[in-house]
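Two complexes, one shared chain (chain A), two partners (chain B, chain C).
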Partner chain A sequence: MIGQRAPRQFPFMLAILTALVTLFMLIPMALSITAGLVNNYSQGLASGLTTRWLEQVWEGYGDTLVWSLTIASLCALITIVVGVPCAYALARTQARWARLFEELLTLPVAVPGLATGLALILVYGQFRSFRQSFLFILVGHVVFTLPFVVRTVSSAFANRELIALEEAARTLGAGFTRRLLGVLIPAVMPAIIASALMVFTLSVGEFNLTWMLHTPLTRTLPVGLADSYASMRIEVGSAYTLIFFIVVLPLLWALQAIANEVQKRYGT
Partner chain B sequence: MELERTSVQILQCAKTYPDGTQGLLPSSLDVHPGEVLALLGPSGCGKTTLLRLIAGLETVDSGGIIRFGPQEVTDVPVERRQIGMVFQHYALFPQMTVQANIGYGLRIRGTSEQQLKQTVGELIDLVQLKGLEHKRPAELSGGQRQRVALARAVAVRPKVLLLDEPLTALDAKLKVTLRDELADLLRRLGITTIHVTHDQQEALAIADRLAVMRSGKIIQVGEGEALYRNPKHMFVAEFLGRINRLQRTPQDIVHHTVNIAQVPVRCPPGPWPELFVRPEDIELKPYDRQQPAATITQRTFLGDRIHYRLEVVGQGALTAEAHRDSPYLVGDRVSFTIAPEHFMPCENDE
Partner chain C sequence: MPVVVIFFAFWLLPMAWLVALPAQKGWSTYFAIFTHPKYWLSLMNTVGLSLLVTAFTLALGGAVGIFLARYKFVGRGALLSLLTLPLSFPGVIIGFFMILLGGRQGLIADLSEALGAGRLTLAYGFTGLFLAYLYFSLPRSIATYTAAAEKMDLALEEAAKTMGATRYAIMRDVWIPELAPTTFACAAIVFATSMGAFGTAFTLATKFEVLPITIYTEFTNYANFALAASLSMALGLVTWLVMYVARRYTDSAPVAV
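Showing the complex of A and B:
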């Protein structure tokens, strides 16, 4: 009886609608990708397939990809090293200033990246070699992504169960460093991994702030994309998008798989 | 595994929290070497605060002194106080195996790998967790977790073992089994133990002596049976079991009696304006005009016994407990007797 009724709960019209919406979302992606592979976009597939645009992008912008991944990795590393102790301190401090500080820390998320970028330039712009290096962009990314780490990890540290875990370690004689490294950090590892992944993803895709901070010699992938869209043939821009998909997506999937594995290992 | 037997002395210890609440009023308590003492009371009575002061997880207000044997530990930090503690929800390290959990304290102390293996093995035998050494806490049942927590706490040969509501996280049936198991294990270890609970059955089953607490104060300390039979304070009488209250007139006090249903009943001498009596000490009999009489207004069959509610002229409603074969039904007119030694005179500060 249920078997007969079930199809009516998912009517034909709904299936059509779902398919249409899916197509609406997928077609631009597919077109954009194919645009990077055809000789001439205005003639479409009839002009023949080529990898010449991909090669051109790789030559002109290959370094932006490398720099983007380097900055994202370093950014994740720095925010974890700086953010985890900070999160612990905030979670264990009852004082009002700690809550205020937590609010302040989230400001870079709310304030438009352009404004943050301008502020950084105003203050540190005169330090030439710093201003002209990738370090400058890295600093911007750390400022922007640190709140994600601190918020996520500090709420994990504030968990009542974790407070009991820490007390248990203390009664067994563990000093601060031992319980932080041996008990607390493993217990919040899922939160750390999740926020590191978040930071990496945010950093790879960050455009606003980076656009303000970059110089012609220090460009990340999204800045390069904007540049190619503005100044090159449409086929080049599309090829660039394709490269982004080819390199970044598998990397993100791999990281996500690793994160899931860790969650399974450390999950309670 | 034989452990050191240390006495614990608590002298005028109080705790005021930063927000001004008094978690514990100045209290003193002696725990004998090798004894199991229960801190018993309702939530918010200060029992957990006192336990945390002894553990060193909270600092004592100035003036208080805590000694373990001859050694004063008031200012010794928890990490070096040599206590073992079992937490309410066990607080087992989730990413570590049973073995690693139990061995954690020894590892911190830099015990040799061989010694560690041996001690952990002994403990696993003692708490009957053989075969589960490599499991994670998440894969264990509530009872097994509790045993891991206990083994972890005693692995470091602490001077004092502290149990914070160790059976609360378990379901009712398991609780009774594990309660007896725990009592047995503590006797075998012979370690001085302080056990916090709000469950009087649990306290009576596990502890040698009880300290009954209310509103930040220790009201009475003594063996469970003595406290049940001769409570000094009404709160203790009521917390350990159920009680009936009998009012006395000034004339009753002069004649060493209590007037129940217009019949004067003999009771111990003393100026008490009210006396207390436990339901199981009210003995029901067929109606007899020489004895106090009552009407049964409620009968509850509880399996091993029957719970009666009696309406008594001049004393209001009383409760009585009788054997399961007791013949009386609702509406019956019955008499009852109370042996003079079963009247409990208590302080009452209500």
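Showing the complex of A and C:
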């Protein structure tokens, strides 16, 4: 018997649990996809397939999709431009204020979006034109997602090998710009791409904060969804959800694929 | 640094404002959550629900994660990405899923009617909320546990098996201790997310009142800003504390976001 592996039994309990969980996760998705495409939900597939709910959603809520994608892209751009220098500074200083600031920066993630939204309204709600623009929502999203960028990129900057590399470049006479473009940016590129993707995903799906910040004229995709669930028939809500699946998910997958590719090429 | 400016102007200043606001209505406003039975009940509802959801999420997510990490079958990658797909769904969609599943026109109502038990609706009560929270928590724990279980040391388990350990003993003495850091980190995130979840309960217009809904109602329906601020602080403190403790003790266990 020596050297022989213990017989491996198939774990039926685990398999059954996995199957049940899979059903629980997939049935609602399937339900909502069919409900968005049938003429009448309570009669089911027998009432025939239609795209008229999709068209109705497109007319009524198409702009929410455009705005969500715009806000998410801008949010990713801003958090990267602003967050990466901060991540570098935090990774290269040992000062106590830096640790304190790092700790503070985790707060917007831990504190529920509802509270952040409330706070923003209380302070800036009086500035009418700001309050009524998409900028208000964008600011909320930036504050909420910035910590993710700073934390992810900062830990990439703190890599020991990178510190040694940068030191080597410095002793060889490379100036800061040279080190930045030649050493630092390429080294943390995977972290930057990954956090930009995370920010984009978080921003597109954000509701807790956005619902507090939105106005009837400034609606994002999740806000529109909530509105359609509350006020439209079930087929319209489903069609809207389907649009989310069709447009947003492939986009997120494509971005994920790009991020993986970058990770493969530049990652260590 | 621009980060400091953005952070202070749009987060710290508003938060300070929020923290100071209840003082205008008297110091007792800060303690409304302890003194007022309605708000205390709402807090306890939320904590209880979140604890229950966390326990179920960890147990189920752990089982699925270990299974997916151990058995390489055809379509495993596809299944894993399908199961983690809901990570990118807004909470409102998951509330809507529950309506489709357990609402008045829902699948469960159709099934129970066919079985002669009448039209069963569970979406708008505790059960619906529990299932919905479970739905948005499971993907995170499945992704996290699958990644962690793939790194588990198989030799330990093999050794335990050759020495005649039962399945239960392996679970208790090998799996649970080995996955403990992951469990701890994942529990904190799942609990914090459940505490602060607003979209799902909002869509379900649930009869089981949770704290985010209470805050929202105080703010919009009664324009009671000071009280809403005080309750938000309580909610923020609980979630922050849980995350803080988890971060202190599990530095190395990564969790899927």
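In this text, the second predicted complex is superposed on the first by the 250 of 268 C-alpha atoms of A that agree within 3 Å, B and C clash if a C-alpha of one lies under 4 Å from a C-alpha of the other, contacts with A are read in each partner's own complex, and residues count from 1 in each chain.
As a working rule, contacts are C-beta pairs under 8 Å (C-beta built on N, C-alpha and C of every residue); 3 or more make two chains touch, one makes a residue touch a chain.
Quantities reported herein were computed from a predicted structural model and do not represent experimental measurements.
In the superposition on chain A, contact is made by A:85 with chain C only, not with chain B. When both complexes are overlaid on chain A, the residue A:42 reaches chain C alone and has no touch with chain B. By the document's definition of touching, of the two partners only chain C reaches A:107; chain B does not. Once chain A of one complex is fitted onto chain A of the other, the partner contacts of A:216 are absent, as it touches neither chain B nor chain C. Among chain B and chain C, the chain that touches a larger number of residues in chain A is C. Contacts of A:234 after superposition on the shared chain: chain C is touched, whereas chain B is not.
Judged by the document's definition of touching, no chain A residue lies at the interface with chain B and also at the interface with chain C.
Residues of chain B that touch chain A in their complex: 55, 57, 78-80, 83-85, 87-89, 91-95, 104-105, 108-109, 137-138, 152-153, 156, 162. The residues of chain C lying in touch with chain A in their complex are 1-4, 6-7, 10-15, 17-18, 21, 60, 63-64, 66-68, 70-71, 79, 82-83, 85-86, 88-93, 95-101, 105, 107, 131, 134-135, 138-139, 142, 158, 161-162, 167, 192, 195-199, 202-203, 205, 212, 215-216, 219, 225, 228-229, 232-233, 235-236, 239-240, 243-244, 247, 257.
Chain A meets chain C in the complex at residues 5-6, 10-11, 13-15, 17-18, 21-22, 24-29, 31-32, 35, 41-42, 82-83, 85-86, 89, 101, 104-116, 118-120, 122-124, 139-140, 142-143, 146, 148, 150, 198, 201, 204-208, 211, 221-222, 225-226, 229-230, 234, 237-238, 241, 244, 248-249, 252. By the touch rule above, chain A contacts chain B in their complex via residues 161, 164-165, 167-175, 178, 182-183, 186-187, 189, 265-268.
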